[in-house]
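What follows is a group of structures, each given as structure tokens.
The same subunit A turns up in both complexes below, where it pairs with subunit B and then with subunit C.
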Partner chain A sequence: MGKIFRYECKRLLWNKFFFGLLLVSLFYGWQVLSGVTILGVSHTAPFSPWSFGDYLCRMVPLLWIGALFFLTFFTSGRARRAAVLTDAAPMPPRRYALARCAAALAGTALLALACLGEAAVFYGWYFKWYHWSTLLLPALVTLTPPLVFALGSGWLLGRLRPWLIYVWMPVPFALAALPLPEALGLWNGSFFTRYPLTLEALDPAFSLPPAAAAAQCVLLAAGAALLAARARQGRIRRQAGEAGI
Partner chain B sequence: MQLNIQHVSMTYPNGKQALKDLDLELKTPSLIGLLGPNGAGKSTLMKLLVAALMPTAGSILVDGEPLPKADRRLKAQLGYLPQDFGLFDELTVTEFLDYMAALKGLPDPKAAIRAVVRAVNLEEKARSRIRTLSGGQRQRVGIAQALLGDPPLLIFDEPTVGLDPEERIHFRNLFSRAAQDRLVLLSTHIIEDVQSVCDCLVVMDHGQVLFTGTPEELIRSAQGHVGVFWEREEAQEAGLHITARVNTSQGVRCRAVADQLPPYAQAEEPTLEDAYLYLTSREAVQ
Partner chain C sequence: MKMLRLFPLELRRLLQSRLTWLILLLTVLSPVLGLVLYKPATSTTMLSMYLANPAIAGGVAGAILFGLVAIFELDRARRSRVDILTDAVVSPLTTALTRLLALLTAAVLTAGLTMLVWLPISAGLIGSVFTGANYVLAYLLLMGLALPLGILAAAAAYQFTRRADLSIVLFIAFCALSLTVWADDWQLCWLNPCVWALSDDFSNFRVFRSVAWMRLTWLAALAGAWTVSYLCIRQYGKGIFGSLARSVRRVYRPVIAAALLACSVTAYAAQPFIDHSNPDLTVMSFYEIPYAEGVTFLSRSAQVFPDTSAGTVTGRASYQFQNTSGQEQSIFFGVNPGYTISNVKANGADVPFTVSGYQEYNEARLEVTIPAEEEVELTMEYSGFPQESLPTMQGGKELSGEYLCLENSALSPRVMNVMPGEEGYPAVIEVTLPETMIAIPFSSSQAEVISENADGTRTWRYEHNGAGGILYAGDYVREDIEAGGMTIQFYYGRKHQAVMEEAGAVEAVKAVVDYCTEHYGTLSFGSGETLKLIQSRVAGGGYAVGGASLLDEADFTIANLGDADKGAIPGEVFIHELVHQWWGLGNMFDTVDPTSPWSSEGLTVYTTYRIVKELYGEAYAQEHYVDQWRQAVDDYYLNFYVRNPEYLEVLPEAVQLGISNSLSSVRRYSEMPLKILKAEQLAGGEEAMDQILKGLFNRELDPMYPYLTYQEFLDACHLTEEELDLG
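Right, the complex of A and B next:
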């Protein structure tokens, strides 16, 4: 299983599309950091969890696209044609799916880490600020649920129709344009700019209202459930042409 | 190894009936040629045999155990080359074979990969990325992954498509050697591929088995039904199935198969191709 994971990582990460996506993410990230985050959001410091969270919310659409892009390696028509060979092998489908899920998660985590690393470099460079541990919680809360959900839902959609993954890619952009309720503020980035103002304190400590925390938990649970469902799926099919992906 | 196909029928969700009440017994050692025109049901039968599809009726037994219960046991002994397949273009030939060896759980993948790369004449391309390979070389990678780990059951669906004549002969011999102690099922519509190497033929058409037996038996069944004649008029060809037309200095020499040869036709010794065409044309008439 380790070997499959390594080869899948190589397929996903050692190609011009990944490097292109990485470069675009880093370029956009630097623009956000040096143009928006540097000013601080909601009257907080640029290196406050709120400003950092705002930066991450702006990065989520690109990371979402990256996560779905990794899935195209498993759900494309070409991948389906390769699945007729891999399906005939005796490795249990669950283990195989797990190795591939792990590779997609690793690729997504790598993209996210590149964005986090860029922010760390930015804070060190401009503010000589190195207390990164205070940013861990907003990073986990902001990134983990949508990215796990992107992988889970993307896998399901890609299995139904490969092109649905591409339709799914601009969803975060659509959410950013919608006036979502406060509990879903993390989904369109409004949470980090609005919520600190309601706390009536200067540079308040990071906290999450129960409704927003519940929304993120639901998103994470839904993503994890979809990934688990994919891993549980058997490979014997009754319909011709339906390949295991 | 023994595969028993018992009263198997397969109807696709679109209503197309690909197989009708099929009964076959396949045993090791044997090289079985599965012949039939396009759409005869060969590929569907192969997909059923590798548990990629489930029959809508009947059962398939692997050493007495029915599919899909025997799915894992079957796949642990299987090398499969489908008619239409994809490869991971981002990997090199060796990496792809290593990937497949990991899926098959081979204990010594390096030795297994070396052996199959040599067997399919891809040593020079072993470190090349798959996306740089020609169609024939990709086909050879497909054959190589099927041969990985010397599986006791080999199922090849149109394996020689895209190969040059020299390679086709090479692979025919390779399959023949492999069949000495294995069960090899070779689907093709190229008679030459099965003529010289198969010890058993299964001829299919319209989802049914028309013939099961040795090539010699198939040839014998066409004895007295193959003839040649000089082409004079179009009307001469009525009721005949023309298998060849050769231009000579004296005119066009026709070769034909028919249930009843006309008096102007001179009987000829049938070839396997004649016998196959006789069988399928007779079925079409019926």
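Right, the complex of A and C next:
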């Protein structure tokens, strides 16, 4: 399985798409950091968890698109044609699907890490600020659920119709334009600009209201469930194929 | 030749695709987004709301959709794995060019269809101020030109990467940059032009020229990028560099690419619209130039010839100085950075002059050396396209056959370091305008026609006393109003006559003037007690001088008339500017101290609040004034950089200045009015404050220092500075 994972990672990451996406993300990220985040949000410092979260929310659409594009490596017509051969390999399809999931996750995580690293460089460069551990929680809360959900839902849609992945790509942009309720504020970034103002404290520590935490948990669980279902579906397909159904 | 044969086939194929028709339909519908969702033009004029916003939204959506279609079409052969076959039949270079032309033609058809569909809708929404010229220009520039930009950007991305996924990411990121971090940079926001307002009553050529410049800059840049990507189209089984090496063998191809890119860079660097004034608004070095020793000002004259079709100005200025120093002296003038100075002569002989690269408050510094003669007549010529300072609020220097506004150094070079003579700075200005325009000096002076010229123009002349001076001209209607013991000459655009009458603008002016006269006292300008009130093109604010105030056209729009909250008088900017006749001009204030919130704005904003409270009711005034001041002041005190100034100092200078400028205006426009409101409560209420302000307005002035100070205000209220702390 490790061999397949390494092979899929190489296929996904060692190509001009990944490097192009990385460059685009870094360029866009720097523009956001130096144009918007530098002012700080909701009266907090540019390096507060709130401003940092706002930066991440602005990056999520790009990371979301990147994650979905990784999936097109596995769901495109060309990949489906090759699946006839890979399905014939002496490897349980569940493990094969898991290796692919892990590779897509690794690619998405690498992109996200690049954005986080860029912010760390920015904070060090401008403000000589290095307390990165305080930013860990907002990063996890902001990035993990939507990106896992992007992979899970994208995989499901890609299995149904490969072009549905492309339809799914502009979803974060649509969410950004919609007036979502406070509990879903993390989905369009409004949480980081509105919620700290309700805490009635200067430079409040990062906290998450239960409703928003629940929304993120649901999103994460839905994403994980869809990924798990995908792996299970692979196994059933294989068994059905062996039974000649 | 092959391309000409293939083009109709490719276009027909494109137009037979259902996807193309879907994109076309969505693009035609997309201006509706500008009515409900995406509204970058923030002004409340009818053309901003119902023409600029739909056209910009249509351009954004259309460019994105056509960009995606371009990638989809270019990737079609590769996706279907027939590229090897098609490349063997037709050169991939020919195919790419043919597809581009077909896509551009489809974009042109879409733009034309959108204009047809939206014509009756826009005319109905905009009402009486709708004009065909504004409509066509807005849709062509704000929407139409966005579509080829989207196609070129997306096609270039695809031809470089040869991958649909990567080119989509590149294209989306490029669009997102324009819509977010570049949105306030008028040259970089290629997708969504920086248009904050379109005028209902006057022309919009300045804004349209600026958008056209940005669009053409990007068109050259993206056409250049596309041409480079065209050279990189893979052929003969070679990679990107091998294909490039093969394609550049025909020398004209790289030459075209280089020429397009060079044009774009030149257009970007040499844009004629915005100056390079120091962004630090606290620096006023031009006011600190020491007076030339022994030189006094006798008089000046200027002949100004605006070219209303080109938007440029040509002029001759003449200055009479007395130089008793017996030495050559350097005289400094402020000139508009867009002007070129020539033919500078002193007493008929050429004299040396230089124009500084440094600019401040929309002026460059012209230095002229005058000879060591007692009487010096200095003459010079100037010409050019007047530049402005605010890239996100362009349109202030509109110059057309319908409207012009020439302020200070844009009218004629402003002398900066010469002491006034016994009569001050007497000036005679002559301006030649089309016969449909009337000249209105922004002062107590009156202009009169001195000649009617054979070319359909009239030359106007007026006298003025001051180193600078502002001139308005346009197709105006004048109405005289008696109020507050004086005559108010109310000038407004002819196109706006019906709206002004329906809005009861005359009654509004009377109500404001009567309020201020009753509460503070009568005005005196020393010119027969005449006050001019001039409607300007939408400017997002205003100003006032002794004897003249501005009224922004956005104060009285058709939309405002329907706003029931605002009662009988919709305009608040004009109330503010009229009140400046009492606070700021009737009673003068010293130069603004950046560390103090005290300025004429505090009392003016407070008085505007009181008038609004009387006219619209307490609830409206509380919500739109007091609550907003409090919010702004709270935000100010809580601002991270106010609390931690050490972090502000480490930021790049441009960011530092942006933050500090916005913070200082909060102090003058929000903190000070709130302090005065607190003073009102401590002093015993509104009537007590009215008596205090009346006393201050009519106080005996110290001729050596006639300015109203914060300490005088505190003394009159019997309060201390600490008592007015808002913390």
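What we mean here is this: the second predicted complex is superposed on the first by the 233 of 245 C-alpha atoms of A that agree within 3 Å, B and C clash if a C-alpha of one lies under 4 Å from a C-alpha of the other, contacts with A are read in each partner's own complex, and residues count from 1 in each chain.
Convention: a residue touches a chain if its C-beta (ideal position, glycine included) is under 8 Å from a C-beta of that chain, and two chains touch if they have at least 3 such contacts.
Predicted model, so just to flag it, every value in this text is computed and none were measured.
Novice: Please determine, from the superposition on subunit A, whether subunit B and subunit C clash or fit.
Specialist: fit
Novice: With the two structures laid over each other on chain A, which partner does A:Trp14 touch: subunit B (first), subunit C (second), both, or neither?
Specialist: The answer is first: A:Trp14 touches subunit B but not subunit C.
Novice: Could you read off the angle at the CA centre of subunit A, spanning the centres of subunit B and subunit C, to the nearest 10°?
Specialist: 120
Novice: Which partner chains sit in contact with A:Leu62 here, subunit B, subunit C, both or neither? Use first/second/both/neither.
Specialist: Only subunit C is touched by A:Leu62; subunit B is not.
Novice: Mind working out whether A:Tyr130 is in touch with subunit B, subunit C, both or neither, as first, second, both or neither?
Specialist: neither
Novice: After lining up the shared chain so the two structures overlap, which partner does A:Val24 touch, if you call subunit B first and subunit C second: first, second, both or neither?
Specialist: second
Novice: Between subunit B (first) and subunit C (second), which does A:Arg80 come into contact with in this model arrangement: first, second, both, or neither?
Specialist: first
Novice: With both complexes placed on chain A, how many Å separate the closest C-alpha atoms of subunit B and subunit C?
Specialist: The answer is 9 Å, the least C-alpha separation in the overlay.
Novice: Okay, in this complex, where on subunit A does subunit C touch?
Specialist: My answer: residues 16-17, 20-21, 24-25, 27-28, 31-32, 35-36, 38-40, 43-46, 58, 61-62, 65-66, 69, 72, 126-128, 166, 169, 177, 202-203.
Novice: Show which residues of subunit C lie in contact with subunit A when the two form their complex.
Specialist: 37-38, 161, 163, 165-166, 168-170, 172-173, 176-177, 180-182, 635, 638-641, 643-644, 647, 650-651, 655, 659
Novice: Using the touch definition from the top, list the residues of subunit A that touch subunit B in their complex.
Specialist: 1, 3-4, 7, 10-11, 14-15, 78-92, 96, 236-240
Novice: Which of the residues in subunit B come into contact with subunit A in the complex?
Specialist: Residue list for subunit B touching subunit A: 12-13, 44, 47, 50-54, 56, 68, 71-72, 75-76, 78, 80, 82, 84-91, 95, 98-100, 102-105, 142, 145.
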